[in-house]
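Read from first to last, the chains carry the letters A, B, C and D; within each, the first residue is number 1.
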Amino acid sequence: MTLFEITPEPLSADAVIARLADPANGAVVTFVGVVRGETDGRAVRYLEYEAYPEMAEETLRQVGREVQERWPTIREVAIHHRVGRLEVGETAVVIALSAAHRPEMFDALHYAIDRLKEIVLIWKKEVWADGIEWRSESGSPMPGSFPYLDTESH
Amino acid sequence: MTGNAEISVRVKFFAAPREAVGAGQLERTVPAGTTVEELIRCLTEEYPILRAYTRFLSVAVNRAYVGMQTELHDGDEVACLPPVGGG
Amino acid sequence: MTLFEITPEPLSADAVIARLADPANGAVVTFVGVVRGETDGRAVRYLEYEAYPEMAEETLRQVGREVQERWPTIREVAIHHRVGRLEVGETAVVIALSAAHRPEMFDALHYAIDRLKEIVLIWKKEVWADGIEWRSESGSPMPGSFPYLDTESH
Amino acid sequence: MTGNAEISVRVKFFAAPREAVGAGQLERTVPAGTTVEELIRCLTEEYPILRAYTRFLSVAVNRAYVGMQTELHDGDEVACLPPVGGG
């Protein structure tokens, strides 16, 4: 039962939810990220996700720990992220949170996906009809890491 | 740097810089006491195309983020990490 | 492709998400309600859900309309609710919302499940080890309906 | 009420009141012009146990919520709706 996983296999929300199976948990919220057919108005042909798997799974666990520190009523967290070539409409990520009651789950889920995009060691290459680009969520330096190397300024 | 002793490190690249270098992993032998910054500067001389990426890279040694002045040790895994884009 | 459905069959989050399939929708959030093993400290043996199906499916559609009126960036809404006998750990309800981008989806999902519990014509009987009870979410009169009948006061 | 004309209505019960009445659906013939309130009062005389539930019931006629003074028509479907508990 792996709660945090980087995998080349297709993802299933049901399978991720099943990792949480605990009858005390009455409510599960999930976020499912699907490959969109366009970005900034350009048609996407497919995406390639690449990970540093050992560190990426640890940062997935870190996202889970952060969620449970901030919202102690969250009982369990599971996050699966797919890597490799993904076609439009395929699922790239599934996040599932469980709790006995509902009130805080929605904020916690929102936090989890935002934080995943910030810190998890996964990279995305967009392949359009007319070009490619490695995309980061923000385009800006990775939050929480040391100042970026700049060999030109030394 | 201490001079004659040498260490071997494994350097990992991902995403755009991996494609620029043309390899996901390199083995390099450097003088003991070499810092992250010095290693990256050597690699940039070897692969000038890396210059376009270095200002965006973070570095992890043995899977933990480190500062530029961190000294490397024999057997270290040095990962050059561009801004992430999961989700 | 039925977006709103009352069914005696087991539910699947993947199946509900598949109803939304549209490559423009990059993000899907779901709420999955699972039968809990206890309520107010009492062990639940199983639940029975009963619906007024024709009106219940219309109120499910109403929940969807309300969500899209309040959050116009929500592209699609699907809600499936199971009826009949459900064992502990089985899924009673799946709500799925899709949008091209994330910011408002979490509030919209929270609203959808709260509103479902308020207005959808479904009733729940809890069967404990030592008794039964028909439960409503609030125990209070149904919001938005006319004053309750009281034949004793006439 | 208009006197001799009669209408037939279908009454639906759910959840606890359904179990109390012992039926999910009843057919009743009542005078034309009978209101929801009058129908419920007749049913409560027939099934005194319903008295425990009537203060919690809403009523829908032909799948739309209605007020107590709504007049019934031939063929109406009258649903007695206890507080809901889905999810």
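Note that contacts are C-beta pairs under 8 Å (C-beta built on N, C-alpha and C of every residue); 3 or more make two chains touch, one makes a residue touch a chain.
Please read these numbers as outputs of a predicted model, since none were measured by experiment.
> Rounded to the nearest whole Å, what is the centre-to-centre distance of subunit C and subunit D, using the mean of the C-alpha atoms as each centre?
One centre to the other, that is 26 Å.
> Measure off the straight-line distance from the CA centroid of subunit B to the CA centroid of subunit D, and report it in whole Å.
Roughly 78 Å separates the two chain centres.
> Please report how many Å separate the Cα centroid of subunit A from that of subunit C, as a whole number.
Using C-alpha averages as centres, the distance is 26 Å.
> Which positions in subunit B touch two or more other chains at once?
If we look for residues of subunit B contacting two or more partner chains, we find none.
> Provide the list of subunit A residues touching at least two other chains, using ranges where the numbers run on.
In subunit A, 33, 113 touch at least two other chains.
> How are the chains arranged in terms of who touches whom: line, ring, star, complete or other?
Shape of the chain contacts: a line, open at both ends.
> What chain-chain pairs meet the touch criterion?
Result of the pairwise touch check is A-B, A-C, C-D.
> Provide the residue numbers of subunit C that touch subunit A in the complex, in ascending order.
12-14, 17, 21, 23-38, 88-89, 100, 102, 106-107, 109-110, 113-114
> Hey, which residues of subunit D end up touching subunit C in the complex?
Those residues of subunit D that touch subunit C are 12, 14-16, 18, 36-37, 40-41, 44, 51, 54-60, 63, 65-68, 79, 81-87.
> Under the stated contact criterion, what part of subunit A meets subunit B in this complex?
Interface residues on subunit A, with respect to subunit B: 33, 49-52, 54-56, 58, 81, 92-93, 113, 116-125, 134-142, 145-152, 154.
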